[in-house]
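There are structures below to look over.
Each of the two complexes below includes chain A, the first together with chain B, the second together with chain C.
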Partner chain A sequence: MSLHPNPLHSSAQSDIDEIENLMYAAPVLPARPPSPPRASIPVSSTPFVPSNLPPPSYTKPAPPAPPPVAPVLPPISSGGASGDPRPAISVDGFGSPPNTLTEPVWDTVKRDLSRIVSNLKLVVFPNPSREDPGKALRDWDLWGPFFFIVFLGLILSWSASVKKSEVFAVAFAVLAAGAVILTLNVVLLGGHIIFFQSLSLLGYCLFPLDVGALICMLKDNVILKIIVVSITLAWSSWAAYPFMSAAVGPNRKALALYPVFLMYISVGFLIIAID
Partner chain B sequence: MERIQPPVENYANPKTCLFHVLFKAGALAFYILSALFFNSFVIIFVVTVLLAALDFWVVKNVSGRILVGLRWWNEINEQGESVWKFECLDQESLARMNKKDSWLFWWTLYLTAVAWIFLGIFSLIRFQADYLLVVGVCLSLSVANIIGFTKCRKDAKKQIQQFATQTIASRFSSTVQAAFSVV
Partner chain C sequence: MDEGYNSLPSTHLLGSVPAVVADDKKPAVDEARTGSHSNLHIFPPANGGYQAPGTPYDGNEQATTNWKGVLSISSYSPYFNVDTDNVVDRILSSMNPLQGDFRRKIDSYPDLYGPVWISTTLVFMLAALGNCGTYLMNRKSVPDTAWVFDVNYVNWAASVVYGYALLVPVAFYFLLQYFGCSASLTRFWCLWGYSLFIFIPSSLLLVFPDEFLRWLIILVAGAASSVFIGINLKSYTEGSDMMVMCVCAMVLQFVLALFIKFFFYA
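Now for the complex of A and B:
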C-alpha cells in the first residue's frame, strides 16, 4: 500500500532509474577524478615530470588483471562495471604498480629515456608533426631539458680556464631563467601556450647548441667555432620557430620570436668567447 | 639494549621506505658536508641537484604509489589544455595501507622541505647567491611533490565522500524500490 500519491511514485521511480543509471554508468566516470585545470596549480617550479606511469598503453608486461585503465574504480562499480571487470582491489588499481617494484628502476628508466629520445626527435629533427606544434610535445618531460642545460653548463665551465664555478652557475641560471621568461613573454603577449610544454620545448631546442659547444671545446680554433656556432644556432632557432610562432597571433610573431633568438645568440657568444 | 618489538605493524615496504629516505638524506647530507671537502661549486651543484631530482622521481613514481597509494601527473588533452590528474587506490586498499609507511612518507616529505628552507636562510644570510640557487632548485622539487600529493590526498578524500554519498543514495533508492515493489 503506497502512502504516496501516484505522481510522486512515478517521479520517484524515474529518480531511482536515474540514480541507477548513474551508478552503473559510474565506472566510466570516476575513472578520472575531477582535477583542477592548469591554472590552479602553482607549481611554478616543478622541473620534472618524469615517468608518469602513463596511461596504460605501454606498461607492464604482466599486470595480473589487465587493467588498461590505470585509475581504480571505486568498489561501487565492481558490481555493475560495464568497463573493466575490476577485481576491486588494491594495487592493481594503478595498472602497473608493484610490478614496477620487481622491475624497478631499469624499466622505468628505459621508458623515460625512450620518452626523452622521442621528444628530442620530435623537436629537433625534421618530422611531419611539426606542422601541428601543439601535438608535438604532447607528453612533455623536463628531464631532457635538465640534462641539456646541465651539460651545456658543464661544457662551458670546463672550457673556462678561470672562474669555472661562476661560469657554470651563470650558464645554468641564465638558461633556466631565460626559458621561464620567454614563456612568460608569450603568455603576456596573449599567446596560448602551456607553461611546462614551453619550458620543455626551449630546453630541447638547446640540444644543437650542446653539440656545438662540445665541438668547440674539442677544437679550439676561432674560425671553426664561429662557423659551428652559427650553424647550430640556426638549427636551434629553426627547431623553436614553429612552436613559438604558432602560439601567438600573426601580428605578434616577431615579438615572441625575437627574444628566443636573442637568448640563443647570447648562448652562442658565450660558447665562442669562452676560453 | 634489548630490542622491543612493538605490537604495532612493521614497515610493509622497507626497501621502498629506504629509497624514499635515501635520496633526500643524500642530497641534504652532500650539500651540508660537501662544503668541508670540495672547493668546487659545480660538483656540489650538479650532485645535489641530481640527487634531488632522483628523489623527486622516486617519490613521485615509486614511493607515492606503494606507500600511500596516490599518484598525480599532468596530461595535455586533445584541446591542447594541460590537465592535472590525480589518482588514488580504492577505499579498501587505502584502509589497508600500512600506517607506518604513510607516516614515514608524509613526515619525511615535510621535514625535507623545512630543512631546505633552513639551508636557504643560511645561504641568504651569508650572501651566497650560487648556493641559494642550489637550495632553490631542491626546495622547489620538494614543494612540488608536497603540493602534488596533498592535492591528490584531498581528491581521494573527496572521492571517498562522493562514493559514500552514492552508496547511501543507492541503498536508499533500492530500499524505496523494494518498498514500492512490495506494495
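Now for the complex of A and C:
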C-alpha cells in the first residue's frame, strides 16, 4: 500500500541523513529476538540498532522537492503508527528493504490512518506550525484526499433526488480536476510548489466541506444549509490560504488564491443546491 | 533581427521564476516588450521554451514545435507572466469598450490567465445562477414549483463557453492569415477571453425574474461586448478592408449573448 524508499535508488546524501537520524535521534533499545509471525530481519546481523521510529514509508517526487523535506523522518506519526514496542521493522541503508509487505494488513491500515489523522490535524485545525508551509504537510499522502473527495461525491449523490450518478460524476470531476488545475495554475504563475504536496493539501482542505455536506444531508432546511455551507467554506478557505499564498510572489497572491476560492464556492453551491 | 548572446529574453529560459523578486521581472518584461524579441505569438511554444543561443528565433515564424515544448509545463509560463494589477487593469478596460486601448495593453505580453479563469468563472456563474433564475421565473408563473438543480446546465455551460472562447479565435486567426493580415493567436485568445468578462456581472443581474429587465441587461451586455470585439479586431486588420470580419465577430458575440439569455434564463 504505501511506498517505501528503495535504498538502492535513493541518493547517498539522503541515506546518510537517514542513518544519522536513526543514530542520533532514536533511543537505543536492546536487541530483541524476532517474533514468530513476522519474517523480519534478524536484529543482530544489522549494523544499526533498531529503534522505535517507523521507517520513512513514503517517497517524495524527485527534483523539485526542497532538500529539507526528503530525508526527515515524520516526527508526528511516530507515536501512533506501530503501537507495539517491538522494533518490528528495521531500516538500514545498506541492504534489505523494510518489511511492509509481510506485516499484517491491520498494521498498514493503522499506519496510513494515523498519517491521515495527523495530516488533517496539521492542515485543517489551528496549530502553531501552520504558518510555515514547508513544515505543514511534509508527510503528504494521497489517501486522505481520495477519501474526502469520494465521500463528498457520495454524500452529494445521496442527497440528490434525480440524476444521482451524474451528480457524483460532476462533483468528483470538478474536485479532482480542480485540484490538478489549481496546482498547475500556481506553477504557471511562477510559484514554488510541489505538485503532489499541493494536491494533498487541497484534498485535506475539503474536510470542512465534507462535514458541512453531511450536516446538510441530515437536515434539509435551506437557511440552515446556507449558514452551514458558509461557515465550512470559510473554514476551508482559511485552511488553504497560507499554503497557497506562500507559494507565489506577493504581487500575484490574489491570482493564485482566486481559483481556490472559486472551486470551494462552486462545491459549496453544489452542496446547497442539491436537494 | 539581431542574434547574439546579449539579447536573449530571459523569460523563456527554463527555471526562471519572475514572480519572486519584483524588480527582477522588470528587465525581462522590458526585453519582451521590444517587438522583435517577443515570440509570445508563437503558440505552442517551441523547444520547451528554451532557445539555444545560435538559433534565429524570429527568423522562421512557424518555428519547429517539437513535442517537448508542447508537453512541458514550464514552457507555458511566459503566457502567465502577469501580476494582479495587470489582470485587473485589463478587465476594467474590457468593460469599457469605447476607449480602444485594450490592444495596447496586451500587445507586449498577452496573458492566458485571464481567458482561462474568466471562462471558468462564467461557466460556474451560468450553471449556478441560470438554475436560480429559471427557478424564480417558474415560481412567478406557477407559485408552487419545487427547486430542481439541473446538472445539465453545467455541461451546457462548459461546452458553450469553453468552445466559444477556444474555437472562435482560432477560426478568426486562420481567416485573417488567409487574407494576409498579421494575426497572433495568443492575442486573439486573450481578446476573446477578456471580452467574456462582462457576462459575469450580467449573469448575476439576470437572476431578477423580470422579463423586460432581463432583455435590457442582456442587450446592453451583448452590445458592449460586441463593440469591444469589433473595435479591437479592427485595429488588427488595419490597412486592409476587413470590415466583414469585424462585423461577423460582433454578430457572433451578440449571438452568444442571446444564447445565454435563451438557454440559461428561460
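Just so we're on the same page, the second predicted complex is superposed on the first by the 172 of 275 C-alpha atoms of A that agree within 3 Å, B and C clash if a C-alpha of one lies under 4 Å from a C-alpha of the other, contacts with A are read in each partner's own complex, and residues count from 1 in each chain.
Assume a residue touches a chain if its C-beta (ideal position, glycine included) is under 8 Å from a C-beta of that chain, and two chains touch if they have at least 3 such contacts.
Since the model is a prediction, treat every value here as computed from it, not as a measurement.
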| item | value |
| --- | --- |
| Which of chain B and chain C A:L184 touches, first, second, both or neither | second |
| Touched chain A residues, chain B compared with chain C | B |
| Touched partner set for A:D275, first chain B, second chain C, both or neither | second |
| Chain B versus chain C as contact partner of A:A254, first or second or both or neither | second |
| First (chain B), second (chain C), both or neither touched by A:F125 | neither |
| First, second, both or neither for A:L154, with chain B first and chain C second | first |
| Chain B versus chain C as contact partner of A:H192, first or second or both or neither | both |
| Where chain A meets both chain C and chain B, residue numbers | 166, 192 |
| In the complex, chain C residues that touch chain A | 16-22, 73-74, 76-77, 79-85, 87, 113, 117, 120-121, 124, 128, 131, 146-149, 151, 154 |
| Chain A residues within the chain B interface of the complex | 1-2, 9, 12-13, 15-16, 19-20, 22-23, 26, 30, 32-38, 41-55, 70-76, 88-91, 93-94, 97-98, 100-101, 104, 108, 134, 138-140, 143, 146, 150, 153-154, 157, 164-166, 168-169, 172-173, 192, 194-197 |
| Chain A-touching residues of chain B, taken from the complex the two chains share | 15-16, 40-42, 45-46, 49, 53, 56-57, 60-62, 65-66, 69, 71, 73-76, 80-93, 96, 130, 133, 137, 140-141, 143-144, 147-148, 151, 155, 158-159, 162-163, 166-167, 169-170, 173, 176-177, 180, 183 |
| Contact footprint of chain C on chain A as seen in their complex | 160, 162-163, 166-167, 170, 184-185, 187-192, 248-255, 258-259, 262, 265-266, 269, 273-275 |
